[in-house]
Amino acid sequence: MARIGVFVCHCGENISATVDCGKVAETIGKLKHVVLSTEYKYMCSDPGQTLIKEAIKEHNLTGVVVSACSPRMHEPTFRKACAEGGLNPYLCEMANLREHCSWVHEKNELTTEKAIDIVRTQVEKVKLNSALQPIKVPVTKTAMVIGGGIAGIQAALDIANTGHKVVMIERSPSIGGHMSQLSETFPTLDCSQCILTPRMVEVAQHPNITLYTYAEVESVEGFIGNFTVKVRKKAKSLDEKLCTGCGLCTTKCPQKKIPNEFEQGMGMRPAIYIPFPQAVPNRPVIDREHCTYYIKGKCKICEIVCPTKAIRFDQPDEIIELQIGAIVAATGFDIKHADFFPEYGYGRYKDIIDGLQFERLASASGPTSGVIKRPSDGQIPKNIVFIACAGSRDPAKGIAYCSKICCMYTAKHAMLYKHKVHEGKAHVFYMDIRSGGKNYDEFVRRAIEEDHVNYIRGRVSTIYERNGKLIVKGVDTLLSSMPVEIEADMVVLATAGVANSGAEELAQKLHISYDSHKFFAEAHPKLKPVETNTAGIFLAGACQNPKDIPDSVSQASGSAVKVAALFSQNELTREPLVAVVNRMGPPLHSTCVGCFLCQAVCPYQAIEREDIKTRDGKVLKSLAKINEGLCQGCGTCVALCRSKSIDLHGYSNNQVYAEVVALLNEY
Amino acid sequence: MSDFEPKVVAFVCNWCTYAGADLTGTSRLKYASNVKIIRFPCTGRIDFMLLLKAFANGADGIIVSGCHPNDCHYTSGNFHAKRRWIMFKELMDFMGIDMNRVTFSWVSAAEGAKWAEVVNETVTRIREMGPYVSYKELVNKTIEEEVKNE
Amino acid sequence: MSHSEHHIERNSLSYGIEKNVEVLAQKCYQCGKCSAGCPVADQMDFPPSMVMRLLQTEIPANDEKILRSNSIWLCVTCEMCLSRCPMEIDIPSMMDYLRQKSRSEKKVNKQAKNIIAFHKSFLNSIRWTGRLFELGLILDYKRQSLNLTQDVTLAPKMITRGKLHLFPNMVKDMGHLARIFRKTSNSSK
Amino acid sequence: MKTGLYPGCSLTGSARDYNESVSALAEAFGLELIQIPDWNCCGATAAHNLNKELSLALPARILALAEKNGLEEIVVPCAACYSRLVVTQHELKKNPELKNRISEVIEMDYRGTSRILNVIEWIDKYIIPLLPEKITKPFNYKVACYYGCLLVRPNKVLNYDRAEDPQTMDIVMTKIGAQPVDYPYKTECCGAGFSISRTDIVSKLSGKIIEDAEYRGADAIIVACPMCHSNLDMRRPDINKYWKTEFKIPVIFVTQAIGLAIGLSPEKVGLKRHFVDVKIS
Amino acid sequence: MNNLISRAKELLESKTVNVVIGYEAGPTGLARPAFITDSAKADKLIYDERCVQNLAVYLTKAEVKNFGKMAIVARLPVMRSIMMLISEQQVIGDNLIILGISEDNSLLDIASISVMQGYIDKCDLGNPSKDREILAELNKMTPEEKFSWWQNQFSKCIKCYACRQACPMCYCIRCTVEVNQPQWIPVQANAHGNTEWHILRAMHLAGRCISCGECGRACPVGIPCHLLTMQLADQVWNYFHVHAGTSDKMNSVLSTYEPNDKESFII
């Protein structure tokens, strides 16, 4: 038999000024099953809480209704008090007499009557509450970082330095990402490789980090603290333990004319190759698509020249299975290739290049050793045009959003050019200069004021080649849209940043959401920018949206802290207010009929399929099962379930039904 | 009909409208005391059957309210709720059950003033419409029949 | 009611444009790509992007400038602006609307005299014959524009090459065509 | 299947040469072209400049006539007419209310089901497959393919080739042995409807188009639009006067070039009617 | 019909399927469902205008499932039901052979679920025209007229649940009406309980009804309850541009959403 205790709070005079608390307590006291109904000036004060604790023991209460302020304010307080008084905290409910009654109504009988109704409703609800135990989930203290660019490197190092194990997965043969391709970085113009390479080496040597390059995520199962990740280690055709990285094979490979990805196609590489001199790990892989042996069945020169006999032509891909507690997605971005703009002639004219190609031209380690030479004839361009927003803010042909980083890197490109070609002329066509960031606007101003980069506000209409020059036609919108025609030697397009190839596929494997541009979606745009909707999976860097290095690194450190906080506990404790699918004995097992419509509505992929099997493995029935580790208790599945087979702890069908009946009926 | 005071029940989500109604209180904005709130974690949890139960138990009006689209604490509960409301409303309209007695709204945690407006507007409207006789009659007829049968 | 309707000045030209040809002037962010590609921009009072900007202000004086400009008449409807506009703003359709508006409000730019004269002669020609009678067009145009000496040498050369008919080639059911002209005459003068 | 033909006004007058070459090709390849009975002018630039409803009603009458006569597919050699017809079909499809209004104006049933082909599409569909065995005199010249505006724009409505650096005409030309040059002025405007009212603008714009073609070393400019042709050919004296030049590059319709390649005589394809002498055949 | 019979025989003889679900003529000449397991008896199969019952309802019954591989005679509504049942994981597509029947009663060659999907896509998926007319009439009524019209209909209801039993989509092993904790629907057949039962049924079929009309045909007292679900099927199309039973992937409108779903009543 239920024994309910009701505690009506005056909240000083906040409630009692308009509500007759005495009458409320008295009326409620007459209700069936209410064994105690009392009032007090400040229920949340120490004496108030003590009152509850003692009453629980004294009256052997099975449920408590604190009629005071909003549960959003003090529900944790009173549930804790109940627990201390020996009552399961989930047997305590609050009736909101302050925010929803005394503060919003005038003092009169109706207000007191409403207060009584509110309390009565909670009394009816609490009778149906059940004692719940917090959910405990064990945590595997190994993190996985997907992507070995600067964001991934930062996240991995930060997590590893808190003493936890990290597995890093990188799909290309070396870590380093786009940052390793950059020449200098804004707004300081320090050499990208110089600041990145030590970090790359640190990753390789860190005792807590296991690095898998040339590897991709195959599948992800499980939930926060308990993921099982299968990783495909693509065959490098090499025994990494034997290889010393001497590079002899790469010099002897007869196939030398493969466009070099690292150089953005501005240079060539052999079929067995180390992507760049500072690569980590510094070991070659065989690109089977282009290797003569795999194409024609003979060659094997690398095998012959290898001093340690490390080449393995018949090496298969390997799938490894890892137990992971948290995942950081740091898969970066790609640039939208500029050939969707036929009016700009990218691909038709050799001297029209994109921003990443310019980085390679400007890089001391690049194909021209840092001398700005145009691709067509190796001449140093005397007149160069940079076009911002080449694809960004262009819903018609490109992408609708602002890629954020282009304004800054374009200013950097123009500046680098001016520093290298003093007598050259640099023009930048721009729409708006978006240079918010520490020392960013100053950097752009320097390009304009000190380096005399000619900034022209307007979008280029078309580019064509004539007389060995690239004719760039635009207008100056700040001069009444006066036509501007520049005879350029080279044009650099600041192409848009887009989601990396395979982002959608990976998001589906991780069960995280992504936006219409296929960038990964954060759990909340302001307050949870690092989390995803799937507990235990975090974001770092440009996989979320185009970002510069400082932002990527900050977010990476943010996600590392999230992982470290998760790993600081041996078990996760979660509120037990989760959904549950009913279960019963055979032959029914559950009233769930296994339509799995609930699976589609669940925002957290918390609904799994459970097969009821006979002893010999025959599936008798499939039904939905809630993963308590993932369920956040929204109840969307509960309202959808036609057979009412799912219910929600804390807001059960019985409880909410009782509330409706209680609220509307007079006793 | 002038002294008729409607009974209005509000089904709201915890994260936006419930919090918005809290803000109405903290801001000391006044509204009609006819409305009583039932808290749900999310609009996605609100079963359409509860609306019928409210009418059957004597409600003259109902408010259903949650987070604005894209603001759902659970990201998509309100989107699902919206589709259900669309379907429910169409069905009720088709059956002649008066959906003017139900207010659907988005009230965020910051919209304390909007909550007061939604409540007052709803109460005024329902007061003009009078008690929900036809649904009450359905139930009363039932009770009469039961009495007769017994 | 669309969201933007709450904010737009109802008397403004841009409101009329939105209502009639579904072009939203506020979509333009003034990149100038239209002006840069427009073949006649250099002859216009206001190149296309500036017309867009004037519209965005929703100031009556600026609306007036547009309707009295030569820009709307110099537009040759080559559609280059639309095909390059990042926001896919249909400037050519907007220009059609502005021309008709400029005429109905009697604000036609002086420089447009010949252009309108030509268009009128053209429509006159097909009004009476159903198909274009080029010689008639040229003669009517000269009468309307008073450019009597223009192209005096062209016509004979055309005739010798068999490119100019001396008599019109007419549609048989001229009554039908006359009715079409009559029924659509409300939207033009 | 029989294909309808909408010649448009120019082809019966100032572009008789174009008409002759289209007919000559149809005859040479055994293609049946049926003129839409009692067709009228499409209204051209004038109508949509001055009167929107008229600019839809005139093309709608043409399309309705085609439908009435069972012509499911029509070829429209004039790029300007082609554009007006396709745009009308698009507008009326988009707006059923307007469609009803226009049907009422033209007093005819309009369904909007005709497939409208421009001349290149027609060539691609019916002539290219039969072309290889027919070529007797490969058109071994460098050509600048000039598409103009209305063949490719507005691209989302016409849905033909791409608006920038289109390729279809270039491909046709390579099939008859020509070598297209890289030609940035492919889709620049020639001045179009200003031929008479603003000859100065036409001279200026067309002059640039001709100049660049000569600069690229082209032997001829290839066109598919009678308006472009008359501006670049008939207006040549005005152009040369305006720019103080002596441009001599001929302007040839794509159909004429094909005609020559299959051995038709210059007269047969109307070359003798040009203002600028075509010396290359 | 001969095609159908020979195909059924072939499937049974080759043991490709263990049963063919189709129609046979009953003693009164009306069509009734037939479960043919023996090829010799396949001659009984008929296919004509009499064969209107939605046979897909049997696919979720345990006794029928036990047959394993089966073939089913299916016109458009049955095919759409099967699509829905596959998407809701009640039926395994690989276990089914579809003996598709076209609008003009000829046998279709439906080799796979994706072929069936292709066929469905080409069909008019709106409500049957006679029902469309009635719906249009009802939609013209005032709210009061609608209310009394439906109350008049519901007053006939005896809560026999034939509408539910006949519906292929009502395959729950426990219906909400059987839940008494809480008692969602009053048990008795009375105005209140009947009204809420029909609301509940229609809502549970929102986005899932494939407009076969079986519920209305099954009703022994002649309540046109199919109009409720068909009205919603219309609205599902109006609002979301989806027809139920067109994909074997989950696409029921109430289990999915688009962020920009349009409505005009939420303030």
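Worth a mention:
We call the chains A, B, C, D and E, going by the order they appear; numbering starts again at 1 in every chain.
Criterion: a contact is a pair of C-beta atoms (placed from the backbone, for glycine too) under 8 Å apart; a residue touches a chain by one contact, two chains touch by 3 or more.
Bear in mind the structure is a predicted one, so any value in this text is a computation, not a measurement.
Between subunit A and subunit D, the least number of touching-chain steps is 1.
In this structure, the chain pairs A-C and A-B differ in their number of contacting C-beta pairs, and the larger number is found at A-B. The central chain of the assembly on a C-alpha centroid basis is A. Averaged Cα coordinates give subunit D a centre that lies 55 Å from the centre of subunit E. With each centre defined as the average position of its C-alpha atoms, the distance from subunit B to subunit E rounds to 33 Å. Rounded to whole angstrom, the centroid-to-centroid distance between subunit B and subunit D, based on C-alpha atoms, equals 65 Å. Those residues of subunit D in touch with two or more other chains are numbered 163-164. Shared interface positions of subunit E, defined as residues touching 2 or more other chains, are 176, 184, 254-255. In subunit A, the residues that touch at least two other chains are 343, 462, 601, 640, 653, 657. Of all possible chain pairings, those that touch are A-B, A-C, A-D, A-E, B-E, C-D.
For subunit A in complex with subunit E, the touching residues are 588, 591, 593-601, 622, 640, 642-645, 653-654, 657-658.
Put simply, subunit A touches subunit D in their complex at residues 341-343, 345, 348, 462, 464-466, 471. Remark: subunit E residues 88-90, 171-176, 179, 181-182, 184, 204, 250, 252, 254-256 touch subunit A in the complex. Those residues of subunit D that touch subunit A in the shared complex are 162-165, 182, 184, 212, 215. Against subunit D, the residues of subunit C that register as touching in their complex are 39-40, 43, 74, 76-80, 82-84, 88, 90, 92, 96-97, 99-100, 103, 114-120, 122-123, 126, 130-132, 134, 137-138, 141, 145, 150-151, 154, 157-158, 161-165, 169, 171-173, 176-177, 179-181, 183-188.
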